[in-house]
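There are two complexes below, and they share chain A, which is joined by chain B in the first and by chain C in the second.
Right after this comes the complex of A and B.
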């Protein structure tokens, strides 16, 4: 968002009038509901009379002390981190391979990799539940190889596999964009000056990809930590993550204040990680530029 | 440019297989003549597609989703255009804050937006209203439209606008005759992206839809978490086909890589 296009004669009212409808909507329909939810998370709830007009920190204390919820937070954090690491390990080389492809193939495979972004998450998750099921294709393949069938569906492995699948485009896109700025002749120069393939990768390609990897992993981590459909359909009733437990509290237990407390914690954790990460990325960028 | 070695190509093949496997399996299973989720080894059948079209809930949800996406994509684009003009064409106090506010639904997990809307709707008694569902969708899809329109405005050559102004055209005329036509590809791309995102939205919708306004993804999620039969595969195949067609249109119009990867 550069200011390059700024008009020479400022008309102070015009931008406010132009942005007013959207601004009003965002205040009324994003900020206000969030504030209401924050208030709700401090409301007293009891099972006989529902939400009461009294305030307490008990919801937060319950969530942060009860081993049941702590285990869910820990699982969410762990699986989101694992997903991010795997997405980096698969997405970065794939983005690099894509940039080195010839003319028609590069755009075709870029579409193949990022096209599934437009397919509903429910559809893709359902696909994985068929592949990983007890009677699924993976177990059939194992049987053909003479191996024992494994329980994959309703395990953390299934959740991570599907999360990586959904998140891969979000990693490939920023790394690919970062690598677009890499002049291929620099790598060629490194090689002709006697650098090994590995050295060229480490000293030329990887530094260029770093910013892409950093912003990609931020998106992947944030989306994985709040993923809903995948743990919902592949985790079964037992393996809960943050989003599915909020759903349970709201629509099954009907304990809205407790659900609101978890949702607010998810939001704050997300924002905190994002801010810390942005700092880090900015430092990286500064070091690269300066 | 160096070529990819055999190891790199093998890795690439595995990734492509990994990406496509669940989609391919869904499409294959949809054609099974059996009652269980199985690959159609012995003959193809369209019975599960017929079942989808005779399932009143799925049909109703499809039309719900289509109407919802149509309304919310249109409204969000109509909001995004003036907002993008304000952000790119003027410098004013709070411009960055405004930009951040408009893009914030991309950062706030949809789960959180969903429970926030649920709270608001129960507060004002709007639960189950289609109009308020549209409003909720407008909020989460507007950033997609806005980003594309912002990029289009930033990349636009301003000389035509300036020429029109020098020749005495008023602001509205400049917008109607110059800016809007030049912006049209960005606007239609933003609209389509908003439409797809509304049509596919699950996590927020599951909190704010009522039985009469259930959208297709929510219906599919509910269905898949209770029973698993090949009908689900047939619905999914139809969704994949629909997305495929949209993708081809988008690609022809704008180049899908440009649209999804963006110019930063």
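Right after this comes the complex of A and C.
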């Protein structure tokens, strides 16, 4: 009796102790640096004496009033959205085809899809700059066809192409997971009721993958909006995105507080957009799909 | 010529024949069941009719029109899948309206037809629910409504009742038959449950290993099964090893050391035979003068009847005794067994096919 009682006695500290390692990691690697960055963003910066121990909101006001920064924010938002939309349009059918593949091919193509993630971002991006450059493969191909060469490198197009390339796996995998859970006879039911294959996909199959598309889009949008290497290498000196301008402020201008302010603004904007999008899609999907 | 006709239809998966030489003629308005154990090719047959699986050989005609290679959408048959396959992201009304939408029926007319069919299946009050907010029986009725609303020439049901609990299954069985009668639609139902097939079908098609073994009305199927497989699959049966003894007066069968006179309606080749007799056809009698006798080895009470097992010289025999008040002999008691000689089937032991019908 007493033995059993001691064994089942609640230990109020146990959950906290068990959660401690993860909590420490989270606090140490995410919350602390974030808090330091937030504090830094309110520090006064002086070109002659550097960061001073005084506080001001001037950094935020500078960023939010300067058309140069606003244009960069706008571009970041635009390119991240465009990348997300293209990734949804390419990734969803791709995931569907993957679910329909037979035994050996599915694993092979899954590997092909994850392929870009296995190559270092720098190598992959240099690869794109060689393909898209003035003297690159794309322009050679156009020349063979008798067309004018086009300026691709250091344009937004180049950034979006390279972003979509690396983001596709993050879209395909959640959508594929969602599609795998579907009952294949539901599609057959749509066909038997007179739907064409395309209509069956559009009206019946893809709507059921809404939550997979939602999580895919959130990952892709978040990663694209904070992408650094791709805009840095393919956008050149002129075409800045949020992450590259933060880098500039820190390492070229040495204005850390201003860089920190930009980083915080981008973080908050990203968070607001993603939360709003999540609320919107999830509310619709919730009641239907449970 | 039947309304729906299958001629020599086969489906091969590589070397394996899921369905072989399937021949069936179905009249307009008939309720047909495909009955057989799991894996015998029932679903494959149904899906070939629906157009979801392409036959390897053979021909399927509907009302004289060859539909063997037609797309499922063109055939316009109503299909109810085993899992119901409802669209989870659509309400009941939207699910039912889908087929009409595909047929470009105007909104007002669509709403009218959806309301009509939902009242037929008694789901009017649940029109705005999503499938996951409903019980199994309700989902099943949505699936039936969705298949019926397009006014298909044939309704195909794949194990429509197998996901329901026993009590609901019994209710839905008769509900299904009622709906079928009201609409007057030609219906093919797949099932592995013989009670279901017998109770609501006009004709039952028994399948085994991809082939048809018997097509008959439920009563004749039960009373005159063509082989041992059918007599054990459709209802229960006792099998007794027997030997034919030709005599001047007719035929008598020797079971163990008792001679049983059998009306001479067929010719029995000398050799091993198999007698099959259903448990409910056997009567308990005084051991003296009975066909067989022995001690009761087990006795179970099943509510409306008792199930006894009796150890006789011819083997263990199951006997079903209606619960008429007085309890039957208990375990260990010696009892005699008798049945009308016309009630048992005689089959050749090795071929397992009917010699007498």
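Note that in this section the second predicted complex is superposed on the first by the 271 of 290 C-alpha atoms of A that agree within 3 Å, B and C clash if a C-alpha of one lies under 4 Å from a C-alpha of the other, contacts with A are read in each partner's own complex, and residues count from 1 in each chain.
In this text, contacts are C-beta pairs under 8 Å (C-beta built on N, C-alpha and C of every residue); 3 or more make two chains touch, one makes a residue touch a chain.
Worth saying up front: this structure is predicted, and the values here are computed from it rather than measured.
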Chain B versus chain C as contact partner of A:188, first or second or both or neither: both
Comparing the two partners chain B and chain C, which touches a greater set of residues in chain A: B
Touched partner set for A:149, first chain B, second chain C, both or neither: neither
Contacts of A:207 with chain B and chain C, given as first, second, both or neither: second
Partner chain in contact with A:199 - chain B first, chain C second, else both or neither: second
Partner chain in contact with A:122 - chain B first, chain C second, else both or neither: first
Partner chain(s) touched by A:50 [first = chain B, second = chain C, both, neither]: neither
Touching both chain C and chain B, counted on chain A across the two superposed complexes: 188, 191
Interfacial residue positions of chain C with respect to chain A in the complex: 50-52, 71-73, 76-79, 81-83, 85-90, 98-99, 102-103, 130, 132, 146-147, 150
Residues of chain A defined as touching chain C within the complex: 183, 185-186, 188-196, 199, 203-204, 207-208, 210, 285, 287-290
Partner chain A, residues of chain B touching it in the complex: 1-4, 8-9, 11-12, 15-16, 18-23, 25-26, 29, 37-39, 79-80, 82-83, 85-92, 95-96, 98-99, 101-102, 104-105, 107-113, 115-120, 123, 135-136, 138-139, 142, 150, 153-154, 158, 171, 196, 199-200, 202-203, 206-207, 217, 220-221, 224-225, 228, 232-233, 236, 239-240, 243, 246-247, 251, 255-257, 260-262, 264
List of chain A residues in touch with chain B within their complex: 1-3, 5-7, 10-12, 14-16, 18-19, 21-23, 25-26, 29-30, 32-34, 36-37, 40, 90, 93-94, 97, 100-101, 107, 109-131, 133, 135, 137, 165, 168-169, 173, 176-177, 184, 187-188, 191, 222, 225-226, 228-229, 232-233, 242-243, 246-247, 250-251, 256, 259-260, 263-264, 266-267, 270-271, 274
